[in-house]
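Chain naming follows the written order as A, B, C, D, E and F, and within any one chain the residues start at number 1.
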C-alpha cells in the first residue's frame, strides 16, 4: 500500500479509481452551538468546518471516489484545522494558504430542535479571493467529472471568473460538469444570481437544485415544470431535491421519483451535499439511474443523523445501516 | 435610544408600550440535571433560575410588553444570578435582597426522557418572606394588568396577604387581574388551596388553570363543566390548559378550542407560563380571542423546545419559526 | 436497619426476601461515546460498566430481590469502578480481584441515532478466567433461582465448566434455572454455540431468547415454532423477545403475547436484561404469567430511556412512570 | 471472600480489622461549580456529596479500617446518591431514610482559584433530625473508637443530645473518643459553641482543631499555648492543624511538629478530614506518634489534589505517590 | 428601590453616585477555546464577549460607579448576547442595533498555558461604524469622567472622529478625560497610531499605557523616562502598567511604584482594563494616589484568576479576598 | 502545491526536504481521563491516540521534516481514528489494516495532578503483529535516518525480527540509526530487555535513554558513567534524558549539559518523544550539537503544556513562544 492511496478500511472496501472528481470553493471554520436555544443561552460551541464543495468531496471520498479540491485558507489556526481535516479525509487538495486574508467563519445557532440560523463572517475572506491562477496545473486533464456550486460565483468577481474558467476548460476537455445551484441569500439576490445560474446551467451536464433554487433560474413552477424548463437550457440530467419529500429527477429523458428515508433528524445541514455525492458516486461507477437516486437519498439521510455538516457521511459498507427503519430494543 | 428602553432587536421589532404589566412572586435558583436518569447517574447539572411569574414576565417582555416584577432574593450568588438575568431580560424589577434568608433553590431530575422530578429548598427562603411593605410605591397606578399565581399565597402568611392586597389595590384602580392557579403539592394540600383559589378567582378577570387545578377549586368535571363553574365565580375569561391536547376557553361568553402545536418536547416546564404570556400579550395588544389563544399555544410550544423554564421563550419576530410542522433536510 | 440490608428507599418500598437469586459472569468496563457519529468524530466518552448478568442483578435488586453475583475483575482502576458500582447497588457480590489479568473492556460507538457498534477487549481478561473453584461456598444452598447467560460458556473452557457445574449443582438442590441465550458473535460461531445452548436449555426451567438466538439452538422458524421446539428440549417457560414488536411466551403450556411499550429510545442495550429481571422478579413474587410479562416489557422500556446499560433500571415505585404514553406540556 | 468484606484491591492490601471505628453526622448533597468565578458565570456544576464525618469514614476505610456510620437522609434522589456512595465505599452504614424531611444541600462556588464560598440548605433537613433512638443497637459495644465533630451538636437539640449520649456510652464502655471541633459559623456563634466544645473536649481522648477553632474553646493564644490549655481540659492527644503551615501536636505529653506536604491545591475542602483519618488509622494500627502525624499530612495533601471533598482520599498502597515532590517529564 | 438602580448586593455595598462615568467603543462576541493547544486540538469553545471599554465599564459598575456606555451591535444573536450582558451588569447603555452590519467577533486560542492568540473578525463590523450622530444627547453633561481607549480611533474614520468629538465636548464641559492607549497591531501600525495617540494624550487628564505602548507615542525609554515625556504632553496623571512587574505612576508630580499581586494566572486578558477601573473608581471616590493604585493592581489580579475578559471583576466587598497570598488547606 | 506536500502554514514555514526520516511501531487508541482522581471518580474521557514512534514522527513533521511511518491497525473505528490523524499530520504512512486483530488500546488515569497511571490492552493487537513483510518496498533507500524504539521489539517475536531487519538494512545502506530505549515494564522484564537493548545500541548511531533505562542496558551508574559505557558499545551520540533536571549528552566525544525549560506541566507523556524529534530535526538540518539539544528541550517542554501525547508538538515558527519564562498580565 502506498502513501497516496486511501486505505480500504476508510472507504468501506470500495475499489478506488485512479482518476479524480475535481471540485473547488470556499471551506469555512464553523462554530456550532451545542445546545438548543438562542446563542445567549447556549454558550458552548464546537469548532468544525463546512463548505458545500468539500462536503461533497468528503462524501465522494468515503464512497471510494478519488477527489481533488482546491481553495484558499487563511494563515491562521482555523485554516490549519481545515487543512488537517481535508488531509485526514484523503482529499488530494490544492490548498493555498493566503497570508493577506483570514479563513472565513460561520456561526450556527439551533434556535429550536428543528430550526437552524447561520451567520457568516466571510467578506474579504481568503476563500473568496479565489482566482484563475489558483487552478492547479493539469488539474482537469485527469478529471472524471467537475463539480461546482452556485456559492463560489457569488463570493467575488475573481471567484466567478474562476468558476467559469474551470467549466470552460472542462467542456473543452470533454469532462462532464455537475452543478448544484446552492442559493445563498447572504451573498447575492435572486436577481443577481439568475443570469449566472442560467449561464452555468447551460454549460452543465448534471444539475441539482431545490425547488426554490430552480425557480430563481427558470421561474416558479411545479417540480415537473421546473425540470422541463431546466432541461431546455441544456443539461441531460436534472435532479430536484425536495427535502423530506424526496426527490424528482429527469435523467436522459426519463422521469424518476424517490421518497426520502425517514430518520430522526439531528442536523440537516449537509444533507443536500451528501445527496449530490451519492448520485455522482454511483454515476461514476456506471450504475443505473434508480440506483444513483437511491444512494443519493441514503447518503443524504446519513448526513442528517449526526451533528455537523459532513461528519456523518457514510462509507460504502455503512450504507446498509439505514435500511432498517426502526430501532429495535435488544 | 435611552437606557431604560428595551432594544427593538431584543423584542423582535414589537412596539413597546409605556405602561407595564405588573407581577410578583418567588424566583428560585435551579440546578437542572443535564442527563437523563436518576440524579445518582447524572452528576452534571446546569445552574439557572425559575419562577412562574418571572417566566411569564420574560415571555411578555420578549413579546414587546413592558413588565415590572418584584420579589425577594437572598444576599448570595444565587440571588446575584437571578438579579442579573432579570436585568438582562429588561424586566423593570423591584428586587429586595434579604440579608436574613437564602435564595430558594430547586433541583430538577430528568428520570426518563419524558418524566421530570423536582425537589424544592424554599422553606424560609427569602422569596417566601414577601410582605405588603415590599410592594413598590405607585406600582399599580401605572399598570395595564396585574398577573398573579396560586404559588405565592402558598409560600407564607405574609406572601398570601401580599397577594390579596395587590389584587385589592388593582381592583380599586380598575387594573384587570389575571390569575394562573399553578397548584404546587409540595406547598399545600388541595383542601388548603381551595378557599384561597375561590377567593382569588372571584376577584380576577382572567383565569388560567389545568383541568386538575380547576377541579381543586370547583370540583372535578369535564373541561366545559369546569369552565362553566369557574365563570360562575366571576371571571369573564377562563382558559383551561390541556397540555398536548391543546386548550379550551370561554372568553366573554364564547367557547374556543385550540389544538396544541406538535413539537419535539425537550423540557415542558415553563410551557404553561409561556401560554399565559402569549395570551396576555395579544390581549394587551387588543387582538381578538382566537389570535390570543393561537399565540398562547405557539409560545407554549416554544418553551417546550429548549431546556430550561424560560430560555426558549420567543421574540415576536420568531413566532413564525414553529408554523412549519416538520424539519426539512436541505 | 442493619448494614446488610438494602434500604427501602432504594428499592421503592419493595419487601426484600432473605434468600437470593444467584448469578455470575463477566462484567466489563465500558467506554461509551457521548456523541453520535463514528468514534473519529465523537472523542468524548463516558466510562461505565456492563455485563448481561450484572445488569439483570441490578434490575432485580432495584425491584426488591436479594441478589448474589460472583465474577473476576482485574487489579486495576477499571476493576475498582465495577466493584464500587456493584456495592453501591447492594449486590452481595463474591468478587475475585485477579492480579494476573486485566478487567475486560468494551468500546461503544453510536454510529447513528439508532445504530450502535461495540468492540470488545476481553481476550484473556480476568473475567474470562472464571473457574469452578471461584464458586462461593454454600452459594446455591440458599438460592431461590440461578440465572445464567450464553455469554459465560463462550468466554473460556474454565468458564464453560463453571457454568455447567453451577447448573448441575442447582438442579441437584432443586433450585430453578433461568437461561438467557445472549448470543455474542465476537466470542463464538453459531456452530460452536449450538451444542452448548442445547445442553443448557435441556437443564433449564426458564429460557429467554431472541428469535435469531433461538434459531441457533433449534433452527429457524416462526416465533411459535421456535417456542414449540424449545419446549420440547425441556423448559416449562420459554420467552421469545421480539424487541419493539413485544414478546411471545409459552408459560406452563399457555401462550401469551405482549406488546412493547413505545418509548423514545436513547440506548437499547440492556433492555433485554431488564426484561429478564422484570419477569423473574414477578415470578419470584408469585405473580401470574401476564403480570410477569407486563413488568418485563416495562423494565425493558425503562432501560431504553436512559444512556448506559443498567443505569435506567427502575425501582418498584417507579414502574408507573412509563404508563403514561405521551409527554404532556405543563 | 464474603460479601461483607471490603476487597483488598480497594484498600490497597491493608489488613482489615474485625471491629469498627464508629461515627455519625449529617452528610449532604453538594452542587460544586466546575469553573472558577462567581456562580453567575459558572453555570455548570457537579453533584456530589460531603460531610465531615463521612469524609473521615471513607478515608479510614480506604486505609483498611472498618467503619460504621449512621445518619439520616431524605427520601429523595439526593439521599439515594449518598446512600449509593457510602455503600460503594464499603461503609457499614446505619442509614435512616426520613420521609418527612429533605436531604441537606450545599452549593460551592470557586470565586477565585484559591477562594471557595459555600452556602448551606440544611435547616430542618433530614440530617439535622438525628435523635438518640437512631443510634444502632449494640453499636458501640464492638467499636474500637468513636469519632465525633463539632458540627453535629450545632444542627439541632436532638442532634446535640445524640452526640452527648454517644460520647457518654463510649466512655462507659471504655471506647476512646476522638473529637474534631470543625466550627461552622453558619450554624452557631462562637459564644454558643464554647460551652459545648468544652464539655465535649473534657470527655474526649483525642482532640483536633484549627488554631481559630481552639481559640473558641480556650481563648486566643499561640499554638503551643492552645495545646496546653486544651490538654488541661482532659485529652491526652491534642493536634492543632495549621493548614499549609503543617501541624503541631501534644501526644501523651510529647510535642511534635510536622510540615505540610507541598502540593498543587485543586480543592482544599476535605483536607482536614483526611488528616484526621490518617492520624486515627495509624493510631489504631499501633503506630508511633510521628508516623501517625506523617500519614495525617499525607492523606490531607491527597485530599487537596482532587476536586471534591473525599474523592481523592488515598488507599494505603497509594500513600507513596505523593512523596516525590516534583513532576518529572518523561 | 427603583428599577434604574443597581442593587447593593451586586456592588458589594458600595454607595452609588447619581452621575456617570461615560465610555464607548466596540464590544465583540468572543469564541474562546476551552482547552489548551492549537484550535485543531481544542474544538470546544465558550461564547462570551469582550471589549476594552465595556470591560472597564463592568469593573467600574461592580465597584459601585454608575457607568454609561454606547456602541453599535449587529442585528444578530451575537448582538443579543452582548446587549443582555450589559443590561445584566447594570450598565446604562446607549446601544444602537445596526441592521446593515454584523457584530464583530474574536476567536481566542490558548496555545500553551501561558500563550494566547486572538483572531479578529471586525472589518466592517457594526461596532466599527460608530459615528458622531451616535453620541447620546446630553450624554456628557452629567458625566463625572470620560474614558476612551486607543482602539476606537483605529476602527474607522468615523470612529476616530467620534472619539475626538467626545473628547472635545468633555473638555468643553470640564469633564476629566482618561485615556488607555491599548495598542492593537491588527488594526493599525505604530506609525499610524503615533499622531493620534499624541493628539489624544494632549487632551487627556489621565493616561494609562504599557511600556511598549508608551514608546509608540513618545519613543522607547525606561519607565521613568516614558512618564516624563508623556507628562510633557499634558496629562497630570500618567500610569505605566508593567504587567506582573507591577506599575509605576506619576500622579500630580509625585512618583509611585506598586508591586503586582502574585496570583495563579488563568487568563490575563482584561487585567489591564480591571486595573484602569480600579484606579478610576478610587479617584472618583476621592481616594489618595496610593490607594488608587493599590485597588488598581487588586482588580487587575482578580481579572487574571478567572477565564474570560471581565467575568472575574470583583465587587467592592470582594476586594479583600486576594490579600491572603496563599491558599490554606483546611 | 501538490497534494503530497505538507503546506508551509502547517510546518511554520520550514523548508521541507524531499527525502524522509523513516520509523515504525505500534500506535494505539488512548482513552484519557479528563479529570483528576481515580477512574471511578473521573468518568469522562477523551479518545485520542498515542505511540512513541508516531509521536516522534508528528513532532518531526511539524518541524518541517518529511516522515514515513508504517504499522498495523485493526479494521475498527479506533484504527480509522489513528489513520485519520496520521493523514492529517501529513505523515506518509504505510498503514496495514489488519482484519484479524483489533487496534491496541491504552487507558490513562490522572491519579493526582502530577501522577499518571496507564493500562494497556495490546496483547495480540494488530500493532503487535508487525512482520518483516510489512516493510514497504524501497522504504529505506530514500531514507535520511531510521528511528526505532525499544518498545517494538518487546511486542512480539515478529515485531522484534522486523526491528532488527530494518536496522540491518539501514546499516547496509548507510542510513544512520537513532534508538530510544523507551522501557515498558508491562511488556518485558529488564532481564529480557537487556540483550536486545545491547544488540540494538551496538547497531545505532544515536542513542536516547532515561537514566533508569540506560542502567538496564549497562548497569546503574551516574549519568556520565552511563554515557561512557553506552558509547563503548558503539554509538557516537548518546543523550541521557533527565526529565525536569534537563539532559546530558556526549556528541562525537564532547560532553554537553542543558537545563530543562520550566513550564507548568499539564501532561508530561510525550515529552521524551518531542525531545527526540527536536534533536533529530536539527541534526538533519545540520545544526551544531548545542542547538540540537536546545531545540530538543524546547519541543519536550511544549509537549508538557498541552493534554495528550503529541497534540502540543510545536511548529518551527512556534518554538519562540516558550522562551518567555513567565506569563505577563496585560
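Details
By definition in this document, a residue touches a chain if its C-beta (ideal position, glycine included) is under 8 Å from a C-beta of that chain, and two chains touch if they have at least 3 such contacts.
Because the structure is predicted, anything quoted here is derived from the model rather than measured.
Where touching is counted per the definition, the chains common to chain A and chain F are C, E. Shared contact partners of chain C and chain F comprise A, D.
Among the other chains, the CA centroid farthest from that of chain C is the one of E.
Between chain A and chain B, the centres computed from C-alpha atoms are 46 Å apart. The distance from the centre of chain C to the centre of chain E, with each centre set as the mean of the Cα atoms, comes to 61 Å. For chain F, residues touching at least two other chains, in rising order: 38, 80, 84. Because contacts link the chains in a way that matches no line, ring, star or complete pattern, their graph is best described as other.
Chain pairs that touch, as defined above: A-B, A-C, A-E, A-F, B-C, B-D, B-E, C-D, C-F, D-E, D-F, E-F. Touching chain D in their complex are the following residues of chain F: 35-38, 41, 111-115, 210, 243-244, 260, 265, 268-269, 271-272, 300-301, 303-304.
Of all residues in chain D, those touching chain F in their complex are 263-264, 266, 302, 305-308, 311-312, 318, 321-322, 324, 326-330.
Residues of chain C touching chain F in their complex: 31, 33, 38-40, 42-48, 76-78, 80-81, 84, 102, 105, 107, 109, 117, 119, 121, 123-124.
Put simply, chain B touches chain E in their complex at residues 1-4, 7-10, 68, 73, 75, 79-80, 83-85, 87-90, 92-97, 136.
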